[in-house]
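To keep things simple, chains are lettered A, B and C as they appear, and every chain counts its residues starting from 1.
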Amino acid sequence: MAKTNAGRFFEDYSVGDVLTHAVPRTVGAGERALYHALYPARHALYSSDTFAQACGIAASPLDDMIAFHTVFGKTVPDVSLNAVANLGYAEGRWLKPVWQGDTLTSQSEVIGVKQNSNGKSGVVYVRTTGRNQRDEAVLEYVRWVMVRKGDLDALAPETVVPDLNKVVPAGTLAIPDGLNFENYNFDLAGEPHRWGDYAVGEQIDHVDGVTMEEAEHMMATRLWQNTAKVHFDTSARPDGTRLIYGGHVISMARALSFNGLANAQMVVGLNAGAHANPCLAGDTVRAWSEVLDKAETSAPGVGAIRLRLVATKGGAPFQLRGEDGKYLPEVLLDLDYWALMPM
Amino acid sequence: MAKTNAGRFFEDYSVGDVLTHAVPRTVGAGERALYHALYPARHALYSSDTFAQACGIAASPLDDMIAFHTVFGKTVPDVSLNAVANLGYAEGRWLKPVWQGDTLTSQSEVIGVKQNSNGKSGVVYVRTTGRNQRDEAVLEYVRWVMVRKGDLDALAPETVVPDLNKVVPAGTLAIPDGLNFENYNFDLAGEPHRWGDYAVGEQIDHVDGVTMEEAEHMMATRLWQNTAKVHFDTSARPDGTRLIYGGHVISMARALSFNGLANAQMVVGLNAGAHANPCLAGDTVRAWSEVLDKAETSAPGVGAIRLRLVATKGGAPFQLRGEDGKYLPEVLLDLDYWALMPM
Amino acid sequence: MAKTNAGRFFEDYSVGDVLTHAVPRTVGAGERALYHALYPARHALYSSDTFAQACGIAASPLDDMIAFHTVFGKTVPDVSLNAVANLGYAEGRWLKPVWQGDTLTSQSEVIGVKQNSNGKSGVVYVRTTGRNQRDEAVLEYVRWVMVRKGDLDALAPETVVPDLNKVVPAGTLAIPDGLNFENYNFDLAGEPHRWGDYAVGEQIDHVDGVTMEEAEHMMATRLWQNTAKVHFDTSARPDGTRLIYGGHVISMARALSFNGLANAQMVVGLNAGAHANPCLAGDTVRAWSEVLDKAETSAPGVGAIRLRLVATKGGAPFQLRGEDGKYLPEVLLDLDYWALMPM
């Protein structure tokens, strides 16, 4: 009877624990094509081997979000099966491109625990690292979730809240070996706007919208081997809806941002992120961005741009919070990330 | 006007006939990824090249069910286009792994015919063999279907009912060359339970559920080039529903069984199977298993486990038949198979 | 604010303009599998490496329609974002097979412009060429669309209407190097009918139907990086429906035509095409064909057959136009193409 995985509860996590997440995953041409079928992804470096090669890269890597979702998905059975809420992300860095044929594994270290005052749940902080078959780290990020207690009588652990950077320092961003945007082809990339054309504070409405479908979000979520019941089973939530995996919204918004940010080619840093409201099938997702910062890099012709990416299911662009300081009900996602762009 | 295939009728089959099924199929990275998008498949040997290699296999093979569905799909235009019902399976054995780039063909021999007493239909038994491009058999199984007569005046053939094993003898199961579970990594596989931890008679509720979607079952069924109209065309059935291909339910249930049977890695034998009731979009599929038998094998560290896998669309686990001996209306599938598991 | 692409208007096109369409695309095993998941595609040359090799080809190429959709999709942001209607196709020729790993780019030359008498829109004719990473042309075709004017005061350009062939002359069709149908295996191809078995004027009802799903047509359309809003966003059309990309109907009808035309293996010429009426999710698509012409080719055992392929969403087969000469409301597509078939 105890053969199935009931998931961990708050009292099962201790600072310093290292969780080896199950089921390594080899990704390749199929995941790549499915990504392009599920999202309107058009960033040229991830669409074309020849474009990537002209930028000094051996081939078109798998989308950075394939790396993220694959590494993230493996953590779900160990980290968020009994989670009440996914509270935040920080210190995310993409460290190496993921190539077709790579096998990804995922490991997390518990770096913080804090029981809630209600005694029924607590916040768990983990630093997750994705590695390829050469044991090279390809991605790392911190995530914190609220997890229910299984045994309400379990003693509260000593509170440890990690000291996390609000923003990944631009100087620590990993630039893929060989990346060179000096001969970047703006015609083939789809837009003429370069790093110098974007101003801090500038806002961009990405215009396009996509109406969500159950089959699509479930296929995406399964592809990353994310097992959370609420995404698949109409009986898992009281209202019979299937909650769309927050990462599906991230990928949709990132793909929509092509229209206006076609040259924000590679995602290299994740500073923060909030899934502000639930997304359901039938919602039409739109996106807008705001330029938060810019930085130079050591790679030839390559600049870094820090962007806020907001996904919505209605309402006007550029509206984020109400007078009460809370996210507006139509806001789905507020993501703060670094991308690389030709200078 | 006679250019289209009207399918064979009962009187068109004779014992000894060999049917070469059309459209060989090369399978690869795309079919592999789609399988993981359509089913919550997580068995590590089929998810990861490195895991497979640590088990003595050259790479992660395509899922055993991809082999089954591909070989099966080719038989539909010749065997079941005019079938009233798919009655049973027996003597199924997976003989070789299917690798990316393999081309599968399918051939069936008619091994039995029995006209029904109503004179309007009959049962046809075929033994189907799937082969790769090296002409190696990769899969064989017996299936019997009830087929309508096209000409009611056709004479009843001499009844031949093949003598079929109720269970594939464990000693005849084909173990992939080189398979070795002595250094099996249970952490990466996702569960600690080994062959010795399962007892005959033990029942496992796999807990998770997936609500079915039209787009998903149609994509799966097309991928295996299964052409049966009832799966695709709302005008093909009186009530306007599209019947979900029974193999879609098999794959869904097998994938769900990961939760509790993560180490039942490879499917090597199909003893019996019944599609007990129709499955439609909107149904939420769950699964439970029962350990029917266990056997040792000659491969290092590899045990065989015989499992009943039951898929349902509701009701409590472990309920199979009513007082009348018939399958309960919520039971979709009753499958009896052999899997390989680390000892 | 001007970072997003608003698309070109009628006055932005001049005869002689060359448009380099954005986002080259590497296609491979994933696109191939998705094509087989989205359409009931069974033509053996595109299903099996071994079948293709027996026909003198190095491997199974990607479906001709993958080439078409990929090349076409790239033109949408530059040609049809503000299009009112897609009016026609002509002079289409597939010039080289597309192989797994090929990277496709797309370029169009404006070859005609004609302002409408209402002064609000005009017709733009473009000749589009798709090339692979070796700069070899793989596909070319002419398309004309009606495009809105952005500035109603813009002067009407001099009218240029290109002189287009009604039919691609059979002698100019490109036959893939090495193609040889002398040892063609009709059993594996699925039907016995050869070139000599089809008569000009013959009509074939392809019998099967497929009911359309939102998730499927959107995945297909995204896979070809076609960005037209009306396919994805329920708020883009007044009635809240998502218009199915006409190319999805082409591929569906072509795949359905296997049943009766299994040996019309390769599509090599596009003579004409009309998207007669809109297709929406829930419609059940059927197809019928008419043999329009036949021609010999210089390749061993290879004949050319010119076919009308009609897709419908209801009604009886072989009905195309009403008494008023207009397409019947249930007709979706009227396509005139050349295919290669064993003699």
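Going forward, a contact is a pair of C-beta atoms (placed from the backbone, for glycine too) under 8 Å apart; a residue touches a chain by one contact, two chains touch by 3 or more.
The model shown is predicted, which means the values in this text are computed figures rather than measured ones.
**Student:** Same or different interface residues for chain A and chain C, judged by whether over half of the residue numbers are used by both?
**Tutor:** different
**Student:** How many degrees of rotation bring the Cα atoms of chain A onto the matching Cα atoms of chain B, given to the nearest 5?
**Tutor:** In short, 120 degrees.
**Student:** At what distance in angstrom does the C-alpha mean of chain C lie from that of chain A?
**Tutor:** Those two chain centres are 36 Å apart.
**Student:** At least two partner chains per residue is the criterion; list those residues in chain C.
**Tutor:** In chain C, 28-31, 33-34, 213-216 touch at least two other chains.
**Student:** Residues of chain A touching chain B in their complex?
**Tutor:** It is residues 1, 3-5, 20, 22-31, 33-34, 77, 100-101, 103, 105, 133, 213-216, 218-220, 222-223, 225, 227, 229, 232-236, 242 of chain A that touch chain B.
**Student:** Would you pull the chain A residues touching chain C in the complex into a rising list?
**Tutor:** Within the complex, chain A touches chain C at residues 28-34, 36-42, 44, 47-51, 60, 187-191, 193, 197, 204-211, 213-216, 259-262, 284.
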